[in-house]
Amino acid sequence: MTLLAVDDLKTWFTIEKSWKPGAADKVLKAVDGISFAIEEGEVLSVVGESGCGKSTVGRTLTKLEAATGGTASLSGKEFLSMSNAEFRPLRQQIQMIFQDPFASLNPRMTIEQTVSEPLKIHGLAQSNAEIRPLIADMLSKVGLDPRVMKRFPHEFSGGQRQRIAIARVMILSPSLIIADEPVSALDVSIQAQVLNLLKKLQSESGVAMLFISHDLGVVRLISDRVAVMYLGRIVEIGPKANIFNNPSHPYTQLLLDSIPQIDPAKRAPKVATLGEPASAANPPSGCAFHPRCPYASKLCSQAAPELQVLESKHQVACHHVGQFERQVAA
Amino acid sequence: MLAFTIKRILATVPTLIAASMLIFLFIHLIPGDPAAILLGDTATPEEIAVLTKQMGLDQPVYVQYLKWLTNLLQGDLGTSIFFQVPVLSVIADGAETSGFLALMTMIWIIVLGIPIGAIAATKHGTWIDQITSGAAMFAASVPTFWLGLYLILIFAVGLGWLPSSGYPSIFEEGGLANLRYLLLPSLTLAAPNAALIIRLVRASMLDVQREDYVRTARSKGLHPVRVAYKHVFRNALIAVAAAFGFTFAALVSEAVVTETVFSLPGIGRTVVQSILRRDYPVIQGVILVIVVLYMVVNLLVDLAYSWLDPRVSLK
Amino acid sequence: MMVRETPILETEKTRFLSNLLLPFRGRILASIGLAWLVLMAFFAIFAPWITPYDPLAIEPVARLTEPGATHFFGTDHFGRDTFSRCIYGARMALLIGLGTVFVSLTVGGFIGMVSAYFTRIGSVLMRVVDVLMAFPALLLALVLMTLFERSVINTIIVIGIVYTTTTARILYGMVLKLKNEVFVDAAICSGVGHTSILLRHILPNLISPLLVQASFIFAFAQLQAAALDFLGLGLPPEIPSWGNMLSESRIYVTRASWLLIYPGLLIILSVFSMNLVGDAARDSLDPRFKDDIAGV
Amino acid sequence: MDVQNLSISVGNNPIVRNVSFSIEAGKTLGIVGESGCGKSLTSLAIMGLLEGTQVRLTSGRVIFEGTDILKVSVSERRALLGSRMAMIFQEPMTSLNPVYRIGDQIVEMILQHEPVGRTAAMQRAADLLRRVRIPDPESRLKSFPHQLSGGMRQRVMIAIALASNPVLLIADEPTTALDVTVQAQILDLLEELKTESGMGVILISHDLGVIAQTCHSVAVMYRGQIVEACSTVELFANPLHPYTGGLIVSIPDAYSNVDELNAIPGRVPTIDERISGCAFHPRCHCAKDNCSTQAPQTIQRADHLYQCHYPLEASS
């Protein structure tokens, strides 16, 4: 069953108001027409470099940013057009985990207050007698001693705070979690703990997840399907196995080849130096990736490629897909 | 840069219009008939009737405002009730005194405030720093008029080194030496403001000292004095420049008091006397001039800011 | 996996008190300032029991008596006891300070918070604040005073209005910052409504910066009130405030310097102490807000 | 460069303890560890950039080209900085002074250490930008830092560091703030420049992948101590310290399918915590009784140094 269906989602930001009346404002197309779906209990990852719009996708789907166009529906119910008040009850279903665990908890609220607040708002429990055991249970599920309830966030380490943030989200038993770089602010050894925890909680509860990350290793561990974004568009989307074993967009290949490897045997030969990501405020014409692409032709600078189906569920947006050999097989 | 300047000037227009409206409406906020108020206590009913007609007080308020504004733009700020001369000339009479006072005060503030603040920052944590910042805070806690009175007691009455009050124009007998009349007043006025600048320079230099690019500069092997001057001080100036707008406002406020203490024939004393004499056209005129000046100062501060910080103008 | 934690040693209450005094640890000058303020507050409250004379009682034979055993701080040109008047002056200082803080924090705080959170109303309200800020502080106070009678309450209102604009601007800036904090986003995602976000999530984070701001407003208000008194536009002349005392005795200072020294020193010490306290408290603030607070 | 028994504390809190390592010309030494392990402080201490902070060097020697640079006068030390040893930092966004042009910031470094004229120095600056592969160097010299991307700024930082041909370059997390594709470019650039000039490099990173790909030898730091040091190949093939082993297996790999990571339990200790015995014992799966009471000594096995009572192969 499709849980979340996103169609032609656009989120544009006005960066400079035009002084002349009638002239177009300068806009940054952070997300520029993307479509995807998430099945119930599925984990879809969105990967890409900074400024590609992956975080904006998450923030738009939780209505922290207003969408410029497109639709999104949860279990068939369109919600982007809803007012904030109409959407509020639905927030129980769509929850979000943020990147920075030092900023995402209110420093003036105890852990108990933080975790119990959503319960009270959505009317899932009212009295403290009812709420306490629920919180205690949730805290031990995320690996924290329930006795820490009365403490304030500054008494915890980054990993512990992220566990608290996860508890706040999981206590609502949502059907979709949007996780925006939930482990990238953590140390390696802590990152592994939190990833394991997320994976465990996800498979136990069967919650679907939109996992936003720049780290392909993390993505491979956690996801069922992967979408690769470049400058506001999805350039490749497909099941994990296809993306990692048969990356078909030159950008996906570049991403994979750029990862520093411990094992020399897995190391890709030197990646050709091909400039830096363009700015979304000033995107190149045609395929946005063409100035960095070793296989780019004239066509690439003129027309933006559409997503085309490669195999079932594996789609790529490239004019020359299949026409070039990847330099190394992983 | 030019576009930035024009944009910045245009942005002040609405504020200026709103401020002028407030100043205009001020007359109407005073309980009583505006014409009677403007003419003062000695006015006869006939005179009031004539002025009512002349000012169009029988017309709607917005018409009156537009008329007042048109007069303003033609340089007509009205007539002083007390002196029976144009307000503009009353202001012009005080301009020299207040101008020189402001200039001398600014020189004190810059000459004292910036170097002392910089020294305190470079000696951070030592007794020099503690004494300077403590003294600066103390200086900012002294009421201006009290300091003025005390300086008069010591230097004019006690030691007899400097005149205690008044200011003859430099164009009169004595020439530039007449500026000594402004020595005590300018010091009085400068003390609390220089104190604020000392603390500000110190604080912003300490902030900048923690920046990564200062570490880069040190890793280049630069001499500490060069790091302090070229990297720390230069960048700290950005924050200090922004504060000069506030300094101007504080200066105007305290000039009112200082000119009264030293009986200087400046604009500040004119305001106080006009308020006590209920000479409303003069009050309106002076306040308008000060508000415009204040906006000009803020404009200059913003321009200086964009010149000091390349990130600003290019945005 | 269980995580070892340091045990909870303090109860909430003791922690609150020690947090409040924390800024003063190791700062001798600021601690002395705090002690002085406490002493002044004590004098202000218990003035009738402390003063040896009625502050308004005229004693023509004793006019301009030098400080001595009968009159600690001497007497003024009406023969009124300067010491008693100084103690009653502390009352006025406390009243003006607290009143100004109350007016500016409630009105300015409300305007600032609402403007930052509801941007549409905010753009209008903040424009008004901008316009008022185009008038230098004392000048605005002077002009406003011409519209009102000289009285204690009017002085408080006028000085309060002056600092309302500053407070509104400061709060506006701080709420704008807090509004973009991730924990506010997180609260929105939990389904928290506007009012709750403002009151439960944003306001508690503003309390310490507001307290610091209050201490600076208190200090500034003293200087403003004294200046207004001195110009003859503040409190009614019969009220024994430090500013009025200085204003009245101005022409006698060459003969009776004590009339200048005692009230002046009291103003300076109170303002200095308040600034010291505010400065110490500001240093213990969240660094995000330090630059927002307009203080010495 | 030879660092011997370097110790650093904040107040009475030791945060780096008896750290020793050495680095040869033309080689890259990696220092790896998690946040708060003291790796950045160590590098700042070597550069003498801790002056004016609360941090104090308590003991140790840093022998550079035959002299102990911790003992030489401040001005002699300064003469070394920039000319013989240079440093690049993690945050390319904030490491350049925002109010000066790129060219002026490079020239400042050149003029500090060489008696050349301004025009000549500017010419050199353009050459340096070309060396770090910045397109159109002449016009870039006139740019302000905020007009460049993060990767470009890091290249400028490298250009500044290379201005006087240092023999030692310390790179403190040079690519952490950058995207992965840009990171690959910067690492390649550093590698090429090192080969060209034959300088020694100390690369500080939290990323084992970066270390593995660029370094000849590695020192692993945990809570202010080097717990393991050896050649890169040896370290990844045959880690002896349980912490190193744990780190290696806790990295999610993009090239193989894993369902669960073998995470190190517990949390990274903060610097003011006091832990008896081996600092890692509360998180260690091999820990036995004496680990909590007795701090392990540094043991040398061939060229492999480690601090552990029960190294991995022995316990497994």
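Per-chain numbering from 1; labels A, B, C and D assigned in written order.
In the analysis below, a contact is a pair of C-beta atoms (placed from the backbone, for glycine too) under 8 Å apart; a residue touches a chain by one contact, two chains touch by 3 or more.
A quick note: this is a predicted structure, and the numbers were derived from the prediction, not measured.
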Touching chain A and chain B alike: which chains?
C, D
Any idea whether B-D or B-C has more C-beta pairs in contact?
B-C
Chain B-chain D separation of Cα centroids, rounded to whole Å
53
CA centroids of chain B and chain C: separation to the nearest Å works out as 23
Whole-Å gap separating chain A and chain C, where each centre is the average of the chain's CA atoms:
49
Give me the residue numbers in chain B that touch at least two other chains, ranges are fine.
none
Where in chain D do residues touch at least two different other chains?
265, 267
In chain A, the residues touching two or more other chains are 160, 193
Chain C residues within the chain A interface of the complex:
1-3, 5-6, 8, 181-183, 185-193, 200-201, 204-205
Applying the document's contact rule, which stretches of chain B touch chain D when the two form their complex?
209, 211-213, 215-223, 230-231, 234-235, 238, 308-311, 314
As the complex stands, chain D meets chain A at residues 34-35, 133, 149, 151-152, 179-185, 187-188, 206-210, 212-214, 236, 246-248, 250-255, 257-265, 267-268, 270, 283
For the complex, give me every residue of chain A touching chain C.
59, 62, 64, 88-89, 91-92, 94-96, 98-100, 103-109, 117-118, 121-122, 143-145, 148, 150-151, 155, 160, 165, 168, 172, 193
Residues on chain C engaged by chain B in the complex (per definition of touch):
29, 127-128, 130-131, 134-139, 142-143, 145-147, 219, 223, 226-227, 230-233, 243, 246, 250, 253-254, 257, 260, 264, 267-268, 271-272, 275-276, 279, 294, 296
